[in-house]
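You will see two complexes here that share chain A, one where it goes with chain B and one where it goes with chain C.
After this line comes the complex of A and B, so read on.
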C-alpha cells in the first residue's frame, strides 16, 4: 500500500534542505491568527498569502499553504469557545459545547480539548491518505479524457449542488466560473471573450480573481459586521487545565477516530468539506453517546467530535485534489493555483510522476499537526487579544495587502483590476447566497473541461456518433456517469436531511 | 391553488446580478461564435452558455417574494449599503490610480478613507496608522518584489 521507494525520496526531499521547514511555523502562526479572527475564513487567509509563495520553491510553498490550512482549522475554534462565534464555518458545531464550557469557567479545558482533537484528527486523516494514495494513483492513471471530463463535471455538479443553500444558484455559480475559465486562447487557437484586452489572451488572471472572490469580497461584506464581545476580558489561561483538556480528548479516542473518518469521507467530496463534517460528526456522536442529553450544555465530547471532523476534512480534500486535480472547495482551489504557479498540473500524472512530492506533503503535514500542538498551545495565551482585533483596522489593511499581492503576481495593473472586478462580483454573489467557491473551481476547471472534451471529440473522429461509439468502449466512463447521476440524487436528498438536522441542532442550542 | 398573501417584494439587487451574469454569458457566447463556428470551438462554451441562461431564467422567480411584513425582513439600512458601495468605490479608485499617482499616495489615501468608512473616527489614530502601514508595506513589498513599482513620495 505504501510505495517505499518514493517514501525514501520524500524523506530525502524534506531532509536535504531547510527551505521546506522554514515556512512551517510562520504558516501555522498566520493560520492561527487569521482563523481565530471572526469573519476571516480559512480560504481568505490562504488567498491573501498565496502571492507570497511566488518567491518560494514548490514544496515550501505547498507546505506553507497547508500549514495555514491546518492551523486556521483550529484557529476557528478559539472565538467559537471564547465568544460563541465560529471563527470559520467549520467551527459551528464547536460553539454548541465549547461556549457553554467557557461560560462555566472551563474555557481552558475546552481550548485544550479542541487543540488535541484537531491535531489527532489531522494526523489520522493524513495517515489514511498515506496508505491510500498509492492504490488510488494506480486507479486514476487508467482514466482517459472521457473519464476525466465526467469526473470534472461530477466535481462541478457536486460543488454547485451542495455548496450554498440553493442548488440552482450553486450550479449557475459553477457554470459561470467554467465559462470565465475558458476566456482567451482556446486549445484550437481561437481567441474568445477578451474584449481586445491583451492580458486576457492567456485567460482571466486566476489568482487575483480567486483573491477577489474568496478574500476581498468577504472583507467588503464585513464592513457592517459588529461582533458582541462580552465578559471574556477576565479569563485567565491555565497551562495545567489546557493539558487536562487535551487529556480528555485522548481519552475519547473512539470519538476522535469516528470524527476523523467522517471528516475524511465528507472532505473528499467536492463542495462539502469541513463546514458540513463538523455538524455531521457532532450529530452522530450525540446520537450514540450515553450522555447525549447533556450535549449543548458543555460536554467536551461535543467539542472533540466537531474538531476532529473539521480538521480531518483537510486530508480528504487533499486526496481528491492530489489524485484527480479537482479542488473540492476554496482552500484546495488555492493549493491547485499554487501548483499552477510552479507550472505543475495536479492530478493523475502528478501523482504518477512525482509521488515522492506527494509523500513529502503528507509527511510535512504530520510535522505540521505535531507542531500545531506546541504553537497552538502558545497561541492560546494571546488568543483572547487576537479575537478582539478591530475589524475597522483589518478590512482596509488586508484589502491593500491583497492588492499589492495581485500586482506582484501579474507585474502590472491587470492583477489589481481583476481583483477589484471579482471582489465586486463576489460580494454581490455572496449577498444573494451564491457559493463563490463554485465559481472559483469553475474558473480553474474550465480549461481542463474544454481540453478533455476536445480530446474526446478528436478521438470520436469529430462527430457526435463517434463520441457515442467511443463512450461505449469505455465502461469506466459510463460507470462514472452512472455514479455521478446517482450521487447527485443521493447528495441532494442528504443535503435536505442535513439541513433539517442542522436546523434542529441549532434550535436545540438556543 | 392557495392564494399567497402579503406584499410582493422585488429583490432588485439580485435581479441586477442575474442581469449582469446573463449579459456576460450572452456577450461571451456571441463573441465565441464570432471567433469561429467550428464544433471544436463551441464544444463546451455553447452548451454551457445555454445551461447558464436556462439557470438564470429558473432563478429569476426567486427575485420576487411575498412577505407579510416587508419592513421586518431586512435589518440592513440604506446607510449600511451606502458604506459598502463607498468602500467599493474607494477600492476601485485605489486599484485604478495606483500606477498613476504612485503606490504610496494611493495606499495612504485608501487607508485613510477605508478606516474612516469602517468606523475609525479618531483622525490622529487614522492618519498615524495609515502612514505607518503604508510605509511598512512599501518597504516590505519593495524588499520581496523583483521589479519596481511606481512611487511618488517614498
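After this line comes the complex of A and C, so read on.
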C-alpha cells in the first residue's frame, strides 16, 4: 500500500529546501491564536492568510495552510476549557468535561490533556491516511442517505447521556434543539419556522446560537462569583501539572485511537466532519467507560475523547480532498483554492500521478503535530492566566469578544442578535434545570437527521415497503445500524455486570 | 461676530468660496465631474470561494485599471442570494455599488419563491460571460448507458430510477420540460432532493442516486467518476460526450440555462446617470476584451466572453419568463 519510491521522492521534496519548513511555526502560531478566538473559525483563519500563499511555492503554501488548520483545530479547545465557549462547532464535546475540570482548579491538567490528545489524534489520523487514502475515498462517496441517517441517530444517543438527573427534561431539550435545527429551507425546498425573517432562511446561525447557549448563559450565572476558580490556591499556572495532564492522555491510548478512527471516518464524509465526530467519540467513550457516571463533572477521559476525534477529522477531510477533489468543509475548500492557484486539481489523477506530493503533505503534517506539542505548550501556559483574571473583568471582555465574533462569522447583525436571544434562552434553561448541551447537540444534528430521513423517504417513494426494500439494498447502512446496536448492548451488559459486582461486593462486606 | 451675518449671507459666502475653490483647483473640478472619484463596491451575494466570488476577485485588477478606481468586493451570502440581492437594491443607484452574481436563475427564484422585494425590471445586466448548463449524468459504474436507455427504464418500470436534483432549480424545470415532451408522468420519477449542487453531484458519483441533473461545470473535477447522458444546450460543452437536448426534443427544444453569471447594476442607475453608466460599461467591456484579463481568467477556469448588455438582458428575461411558466413546480404546490 505504500509506494517507497514516492516516499523517497517526498523526503527529497521536503529536505531540498528550507522554504517548506520556515512557514511551519508561524502557521501554527497563527492557527492557535485565531482558533482560540471565539467566533473566528478555522476556515476564516485560513481564508485570511490564503492571499499570502500567492507568493510561496506550492508545497510551502500547502504546509503553511495545513499548519494553520492543525493548530486552529486545537486552538478551539482553549476557550472551550477555560470559558465553556466552543469557539468552533468541533469543540462542543470538549466543554462537557474540560470546563468542569477548569472550574475545579484542574485547568492545567485539562489544557495539557486536550493538547496531547489533539496531537496524538492528528498523528494517528495521518498515519491512517497514509495507508488508507485510496480505500477511504472509495467508501466515502458510496454513503447514501440511510447510512448518514444512522450516523446522525448514533450522535443523537448522546442526548440521553447529557440529560443529567431528569431524562424527560433532557429529551425535551434535545427535541427542542432538533426543531431549531430544522428552521429554514429544507432540502426539499420548503421554508419552515423563519417567521418571515430572511436571515433565518439558511437556518439558525449555529455558532452564535451555540456560544449563547453554552457560554453566555454560563457567564451570566457566574455574575456573583469573583473568580472562575473559587479556591485561590488552585489558581496557579503549573507547567508540571500541564505535562501531567499530557501524560494522562498518552495513558488512555485506547480512547485516543478510537477517537482517531471515528474522527477519520466521520471527517472523511463531505459536509459532516469534526462537528459530529467529537460528539460521537464522546458518546462512545462515556457509554463504555467504567466511570461513565462521572462524565460531565470533569473527567479527563471526556476531554481526550472529544479532542482526539476533532483533530483527527482533519486527516479524514484531507483524504476526501486529495483523493476525490471534493472539499468536505470550509477548510479543505480553502486548500483546494490554494491547489487551484498553483494549477493543481485534486482528485484520482492527482493521487495517481503525484503521490510524492501527497506523502510530502502527510510527512509535513507529522512534523506539524510534533511541533504543535511544543508551540501549544507555550500557548496553553500563557492562556491559562485567564483563570487569574477577576470575573468582573473577564465576563464583560468575553461577552464583547463573543459579540464581535458572532458578527464576524455572519457578516451582519443577525449574529449578535442570535447570540443575545440564545444567551437569554440558555440562562432560562439552566435556571429551570434543562440541559443546554442537549439542545446544542440537537441543533448540530437536526438538519442532517431531517434531510437524510427525507431522502430515504423520497427513495422509498413514501411507503414503508419501499423504504424497507431500499434498506435491504444498503448493506453498509445495516452494518452501521448493527454496530450501533452492538455498542449499546455491550455497554448495557458491562453496566449490568458492574452493578452485580457492586452488589456482590456489598454482600461480602455485610 | 456671527450676529452681523444673516444665514443668507453665510450661504452666499460659502457658495462663492466653493466656486472660487473649484475654479482655482482643476483637480477638484475633475473629481466632481469625473465618475468614478472613489472606490466602487462590488456586492457578491455568495460566500467567498464560489464561482461569483472568484470571478469578481479575478476580474477586479483589470476592471479597476480601466476604471481608474479600486474595486472593493463585499460578500453577502445566504438564503439563495436573496440577502445579497436585497442588500444591493438597497444601496444608492449612483454607480458606486455594482453586483456580480448568478442573476439567472437566482433573481427569478428570489422573486417567484421567496417573495423578494424587487422585480426583474429593477435589474440591468452589463454582461453575463458565464453561462452554466444542466447536465444529466449517471455514475460511471451504473448500468444506464445513454439518455434513451434512461427514458426506456423510466417507461418500463415507473419509480425504478432515482434522480438527484435541487428543488426550485433550473434543472428541475428542464427535467419537467423533457418529461412533458416524452409524455412521461412526473409521478414515474423518484425525485431525491439535495440542498446544493455539490451534494447532488457527490451522490450520483457514488451511485447513491441513479442519475442527477445539476450544473455541468461543477462536474468537471468528477469527470472520471460519472457518465454524461444529456447536455441541456445548443452545442456540446466542456467536452462531454453526451447527447444534446436538441437530439431528443428536436429543433423546437426548450430549456432554461443554468447559472447566468456576470455583472449587473440597478436599472434606475442606467436611466438616471447615462453618462456614468457608459463609463462603467466601457471599462468592463475594455477589460473583458483585453488579452491580459482573458489569459488570467482562463487559467482559473473563469469565463470572459463579451455578450454585451442587450444579449445579457434578453437572456435573463427569457430565463425569468420560462421559470414563471413553471412557477407551480418551483414553489412545490
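Criterion: the second predicted complex is superposed on the first by the 280 of 510 C-alpha atoms of A that agree within 3 Å, B and C clash if a C-alpha of one lies under 4 Å from a C-alpha of the other, contacts with A are read in each partner's own complex, and residues count from 1 in each chain.
Here is the rule we use: a contact is a pair of C-beta atoms (placed from the backbone, for glycine too) under 8 Å apart; a residue touches a chain by one contact, two chains touch by 3 or more.
Since this is a predicted model, take the numbers as computed values, not measurements.
K.L.:
Quick one: is A:426 in contact with chain B, with chain C, with both, or with neither? Answer first, second, both or neither.
P.N.:
Neither partner.
K.L.:
Thinking of the overlay built on chain A, is A:38 touched by chain B (first), by chain C (second), by both, or by neither?
P.N.:
Neither chain B nor chain C is touched by A:38.
K.L.:
Looking at A:461 after the superposition, I want to know if it touches chain B, chain C, both of them or none. Which is it: first, second, both, neither?
P.N.:
second
K.L.:
Just to be sure I read the superposition right, which of the two partners does A:176 touch: chain B = first, chain C = second, or both, or neither?
P.N.:
A:176 contacts chain B only, not chain C.
K.L.:
Chain A residues in contact: does chain B have more, or chain C?
P.N.:
Comparing chain B with chain C, the partner touching more chain A residues is B.
K.L.:
Scan A:190 for contacts with chain B and chain C and give back first, second, both or neither.
P.N.:
After superposition on chain A, A:190 lies in contact with both partners, chain B and chain C.
K.L.:
Is A:411 in contact with chain B, with chain C, with both, or with neither (first, second, both, neither)?
P.N.:
both
K.L.:
Tell me which partner A:315 touches in the superposition: chain B (first), chain C (second), both or neither.
P.N.:
A:315 sits against neither chain B nor chain C.
K.L.:
Which parts of chain A are in contact with chain B and also with chain C?
P.N.:
In chain A, residues 186, 188, 190-191, 411, 454 are touched by chain B and also by chain C.
K.L.:
Which chain A residues qualify as touching chain C in the complex?
P.N.:
So the residues of chain A touching chain C come out as 47, 140-145, 185-191, 198-199, 201-202, 270-271, 324-326, 333-334, 337, 340, 343, 345-349, 411-412, 451, 454-455, 458-459, 461.
K.L.:
Sort out for me which residues of chain B touch chain A in the complex.
P.N.:
Interface residues on chain B, with respect to chain A: 11, 13-14, 16-17, 20-21, 24-25, 27-28, 31-32, 35-36, 38-41, 43-45, 48-49, 51-52, 55-56, 58-59, 62, 76, 80, 83-84, 87-88, 91-92, 94-96, 98-99, 103, 107, 110-111, 113-115, 117-120, 129, 133, 137, 141, 144-145, 147, 149.
K.L.:
Can you list the residues on chain C that touch chain A in the complex?
P.N.:
For this pair, the touching residues of chain C are 48-49, 75-80, 82-83, 86, 113-114, 159, 162, 166-168, 190-195, 198-199, 202-203, 205-209, 221-222, 224-225, 299-301, 332.
K.L.:
Quick check: in the complex, which residue numbers of chain A touch chain B?
P.N.:
52, 55, 166, 168-169, 171-172, 175-176, 178-179, 182-183, 186, 188, 190-193, 216, 220-221, 223-224, 391-393, 395-397, 399-401, 403-404, 407-408, 411, 413, 416-417, 419-420, 423-425, 427-429, 431-432, 446, 449-450, 453-454, 457, 462
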